[in-house]
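Order of writing sets the labels: A, B, C and D. Residues in every chain begin at 1.
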Amino acid sequence: MPSQTETVTPVLTTTTPPRRRSAPRPRVPWGELVVVVVLVLLLLLPLPANDLQLVSQLNHVVTVLGAALSVYVMMRLKLLHFGVPAFMAIGAYAVALTGLHLTSNLVVMVLASLVVPAVAAVPFGLITMRLRGTYFALVTFLIGQVVYLLIVATEALGGTDGLPGLPAPTWGDVVLADQVTTMRVGVGVALLAVLLVIAFTAVSGRALDSLRSNEVLAGSLGLRDRPVRLGAFVVSAAVAGLSGFLVVNTLTTAHPSSFSVLSGVDYVAYVVVGGWGSVLGPAIGTALLVLLTSQFASEGTSASALLGGLLILTSLFLQRGLTGTVAHLVATVRRRRSDPRRAGRNADDDER
Amino acid sequence: MSFRSLRRSTATALATAAAMAALTACGGGASTGSTTAGCADGKVGIGVLLPLSGSAAGFGQGIRQAMEYAASEVNSAGGLTMGDAKCTVELVDFDTKGSAEQASTGINTLISKGQKIIWGPNLSHEVTAVQPIAQRNGALIMQASYSSKGISPQQPLNFAMVTTPSGFANPMAKWVAAAYLDARTALIVVPDNEGGRDTATIDTKAYAGAGITATTTTYAPGTTDFAPFIGNLLRNPPDLVDLASTPPGDSGVIIKQLRQAGYDGPIGRIGGEATSAIIDAVGSPAGLGDFYYYAAIDSEARPVQDYFAAFAARFGNPPLTVSAQALPAARMLLHAIDETDSTDPAVVAAALEKLPVDDPTVGKGVWGGKDFYGINHEIVLDFFAGRYQDGQRTLTPLSVTGL
Amino acid sequence: MVTLTLTQALVNGLALGAQYAVLALGFSLVFGVLNVINFAHGGFYMLGGYFTFSAMSAAGLPYVVALLVGALGVAVVGAVMELVLIEPIVDNHEATLTVSLGFFLVLTAGVTALYGPDPVPVEFPVSSVLRFGGLYIPVARLIVIAVSVAAVAALWFLLYRTKYGLALRALSENREVATMQGLRPRTFFPLAVALSAGLAALAGGLVTPIFTLEPVVAQTALMTSFVVVVLGGLGSLVGAAGAAVAFGIAEAVGGAYLSGSLTQLLLFAAVLALLLVRPTGLAGRRLRDA
Amino acid sequence: MTTSADPALRTVGLSKSFGGVHAVREVSLSVDAGEVKGVIGPNGAGKTSLVNTISGREKPSRGSVFLEGRDVTGRPPHHLSRAGLTRSYQHSTVFAEASVEENLARAGAFAGRRAVDVDAYIELAGLDAVWDATAGSLPYGQRKMLGLVMTLRTGPSVVLLDEPAAGLESSERPRIDHMVERCAEGGGAVLIVEHDMDLIRRLCPTILVLDSGRVLAEGETGEVLARADVLEAYLGSAEPATEREGSGVGD
């Protein structure tokens, strides 16, 4: 951790009367509100159905938003989660089996894609609970590898061919199959994922921030960190499962190649580029990178070089991601406006 | 539920909300739909949907080069005559990176850009992802996969640009049985993925038809050292080893290590041709030992060499050899558009079906595939049974077209 | 017959393990000293192969010279990457990861554009094979083992017998204290990354002519480094070397008896299970809150 | 006021060794409710290790820890904190990026039912003026005061203070006295590990002297500080310091 250098004399001078402690001002969670509002608009607003590209790209953004949120939840504990595709796959195959053998009811499918990976996350969560930093990252990479290989090796899951020909989800007797409806289902499920994450961070946001900032202190003040860590891992797995459902729903096939280990790295990149202050970070990171990737894809052979360049630039110049950097600027401006005397303080207060 | 604990000093709401909305909206801008006569702003677009990066880039880039060359041929001759307008052919690329998601996003992107004539995709799982969307929007797909679901009567606008194993496996197996009279057993080696297993199934039936019992073994994709795998394989050495559709890099290593392990029986490849890439991976033709392979084209033939030279003259360096295999289909597709003065997929498809398969570079062929796929939408060209012995290459023409 | 297959597998495994050791040591070194997950590590392995190939084919250098020139060239690339891309953000755990990932993508795309996506014709100069008692040992594998052991020994000597090594180890133990002692990270970090990149390039230049040289080898090399370093314990060089040999042998023995992806599945599952017992891997030290 | 016979905090033969290094050796001590006991000893005597071992940060190698008669040996810090034993830190330990207000709110939230009002201490530490400032931007002394107030916010019955005065401005030191006195008056048992002898003399009627992990001496502060072996331990002695038999009490 960068050591703190004190450059300014202590502010406490006996002349200033102690300010009455103002009642704690409730801060409005702008990030969360923006994302929920945009998703609700996407759900309800009429969209130009013939603009296939817009509908398809929106669908792709909301499909992988759950995966980015899955990374974001663990990022709140300063943990880089590379195993997201594993839990996407567990959710996806749970839905595929439900659709093929049980029912194509949308609600049952969504529940399956949410509950099964959450339950599967518990044993993996117990393994990773004691790990920190790079170790946690590499082990989640390994979990992604093991789950992928397990799926490929299981005949019941179609092995290398996967499970093709999945029925479109139904709502009552309405079949939700066409392009725009698939996108609406995607937005709805993404909204569910966002609300799930918002609920979890609202309930344990304080514990998450404390464990991220100073785990030892939090412990000695009485915080039991294991339930929080396990809870985070389970919620992360659940929203990954929702994203897995949307991948399968778009492709009408549960195929192992959709959940490759290296795609896990993309989802981490979405959050690191977008920022991890609030759910707005992963949302913007996902939207930006998904749109740019498909834009770059038409550059033919230099597609991956352009994406690589983008990652380099954002890592160098936006170290807290887009939203983090903007939030830091706003906070600095607000602090400078509210207390000019301490403007000189260059305290690097944002603990990475 | 108090959000107080949630308060993040986040960005001003308006700036970010606007950014979010702008970003998601900027993907629009669909150009006009396809036109029957004339062409929008003097151009006819061909949607290229191929893996241009990642592990399948070798095939993807090669197939793209075929269309790139065919288009340059047409454009240098004044372009396509659409009614009274002259239109240049333009390639509209989308890199699928070999993933089903990207292929699915790609087909949507191309169709919404008005490109309903698609050159690609290349891999089985890409075709499965693209198929429902293409069918729903009536797009024509000239794909290059060996997927058993690649073409079918229910998909009238799907074509196969290259001869698939179902077309060449049986005659090749019969040639192999004749060439190696005492061969009774064959071991097919493929990666543990969908493409590998599809080809292995067809080859096994073909060998059975030629009196050779074939068994299949798979290796984990991403294996670098095949020595352990070969040790396992040589415990009871087969008469023949067939690499089917194993990627060229892996094939090279397997051949090198089989020879090092002392296996000097014939090694073959009834599957997608990649001989020149395999020879590079092995290091030299002599390193192959006794090697037989399905040769879609004779790369040393004069017209093919001329094509390589012409491509190099026009684009700077020679093309990947696999591009020659896709050249006939590329020329026929452009010819069908030119003949019908239309880019309407159904119209072009109807014309394409009836075009004779007679390519100046690669030679004659027929529309085949009815017995295996139920529809004659596969360009079946006469091919050769290639064989390397001590570095010397011999080609035996095998005719399936009866021409 | 079984013992023959087993011994053959052990021989193959040793060569594989030796190669993995050189690869994993570099990765573990960068993590130990800079506390950075270097995604570009697989790219350095690939670049080593291509630089050696170009030095031989374009510049006409003999293989051994080309190998060293290749390793040196990539070491320079590593140092430049550290100074330009990692240095400004070395303490930001997340950003160093995505910057190295970005560099990996650019590196692979560049090589694919320059050399083409298909395998490149490069041959290992020595192709003779020793055969005795039913065993076959390509001499090339013995060379790989010999050069790898030499590289590991050289690295050990540098780290434990020179002042540079002392400085690198001090920086990896406690960077704050080490910097207070006057060790300027500005000179040692590029050295650490250059060393790691050079090692990976040496492994690449050594092994790709024996197997195959194509852009996708970078991805496989990266995955292997990850698993071996996790198994060996992060930041511990001894652990990484030991784990590499064990992993190579297990992969070879597994490959000799199992087919398909089973070997890989069992190997990775075993490493995960081991972490249940020893969360810091075979020899990893208790991790400071990275 | 707990009048039960059991002391608020008792350790029996508590030991902790890291590999070959014996940081804490057979330490037995007890602190009653309302009592303030000091722990002194030269650098490296094992004072912080003792605090870490009692507070659960380190698992004891041998011996046991009792909290109001209940055996809490080896329990994790969060369990001990909820059971009423909490500790402060030698170096200032706060949630750097959160405001002073949020730091105290978190201390209260994690303490659960045990959380107590610390308005008096907040006044005392002068934290009012910097209520909205981020803890990381406070000067060192004030950050340390915040750390102490957060510790008290968890309503402990036993408080282990690890060098509370270290790094404080001279103007801030008297505040420690008030805090300790108020805490003791409230029935809290306080164990202070400290180098500042004036503070020890002012606040601790009895002290315990640690030397290389062992209890060298224990008793009334004035007497103990006057003993030759205690001074020797501090000033270093002629013969090697290894095997000096301390007159441990009640070994």
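Criterion: contacts are C-beta pairs under 8 Å (C-beta built on N, C-alpha and C of every residue); 3 or more make two chains touch, one makes a residue touch a chain.
The structure presented is a predicted model; accordingly, all values stated were derived computationally and were not measured.
**Q** Return the chains shared as contacts by chain B and chain D, ordered by label.
**A** Touching chain B as well as chain D, we find A.
**Q** As a test of understanding: of all chains, whose mean C-alpha position lies farthest from that of chain C?
**A** Between chain C and the rest, the longest centre separation is with D.
**Q** On a C-alpha centroid basis, what's the spacing between chain A and chain D, in Å?
**A** Chain centroid spacing, chain A to chain D, equals 42 Å.
**Q** Could you please state the distance in Å, as a whole number, between where the Cα atoms of chain C are centred and where those of chain D are centred?
**A** The computed centroid separation for chain C versus chain D comes out at 48 Å.
**Q** I'd like to verify one number: the distance from the centre of chain A to the centre of chain C, where each centre is the average of its C-alpha atoms, in whole angstrom.
**A** Comparing mean C-alpha positions, chain C is 32 Å from chain A.
**Q** Distance-wise, how many Å sit between the C-alpha centres of chain A and chain B, to the nearest whole number?
**A** From the centre of chain A to the centre of chain B is 36 Å.
**Q** Could you list the positions in chain B whose residues touch two or more of the other chains?
**A** 53-54, 57, 61, 192 - these are the residues of chain B that touch more than one other chain.
**Q** Chain D: which residues touch two or more other chains?
**A** none
**Q** Hunt down the residues of chain C that sit against at least two other chains at once, touch-wise.
**A** Those would be 108-109, 112, 219, 223, 260-261, 264.
**Q** When you check every pair of chains, which ones turn out to touch?
**A** By the stated definition, chains touch in these pairs: A-B, A-C, A-D, B-C.
**Q** What residues on chain B touch chain C, complex-wise?
**A** Residues in contact with chain C: 53-55, 57-58, 60-61, 192, 217-229, 231-232, 235, 248-250, 252-253, 256, 260-262, 274, 277-281, 283-284, 287, 320.
**Q** Under the stated contact criterion, what part of chain A meets chain D in this complex?
**A** 4, 6, 9-12, 16, 18-22, 24, 206-207, 209-210, 213-214, 216-225, 338-339, 342, 345, 347-351
**Q** Quick one: which bits of chain A touch chain B in the complex? Just the residue numbers, please.
**A** So the residues of chain A in touch with chain B come to 24, 26-35, 37-38, 42, 48, 50-58, 60-61, 63, 152, 160-162, 164, 178-179, 198, 201-202, 205-206, 247, 250-253, 255, 257-258, 260, 263, 277-278, 280, 283-284, 287-288, 291, 293-294, 296-301, 303-304, 323, 326-327, 330-331, 334.
**Q** Spell out the residues on chain C that touch chain B in their complex, using ranges where they run on.
**A** 1, 5, 8-9, 12-13, 15-16, 108-109, 112, 116-123, 127, 129, 131, 136, 138, 207, 210-212, 214-217, 219-221, 223-224, 251-261, 263-264
**Q** In their complex, what parts of chain B are in touch with chain A?
**A** 1-13, 15-17, 19-21, 23-30, 48, 52-54, 57, 61, 64, 92-102, 104-106, 108-109, 111-113, 125, 128-129, 132-133, 136-137, 192-194, 196-197
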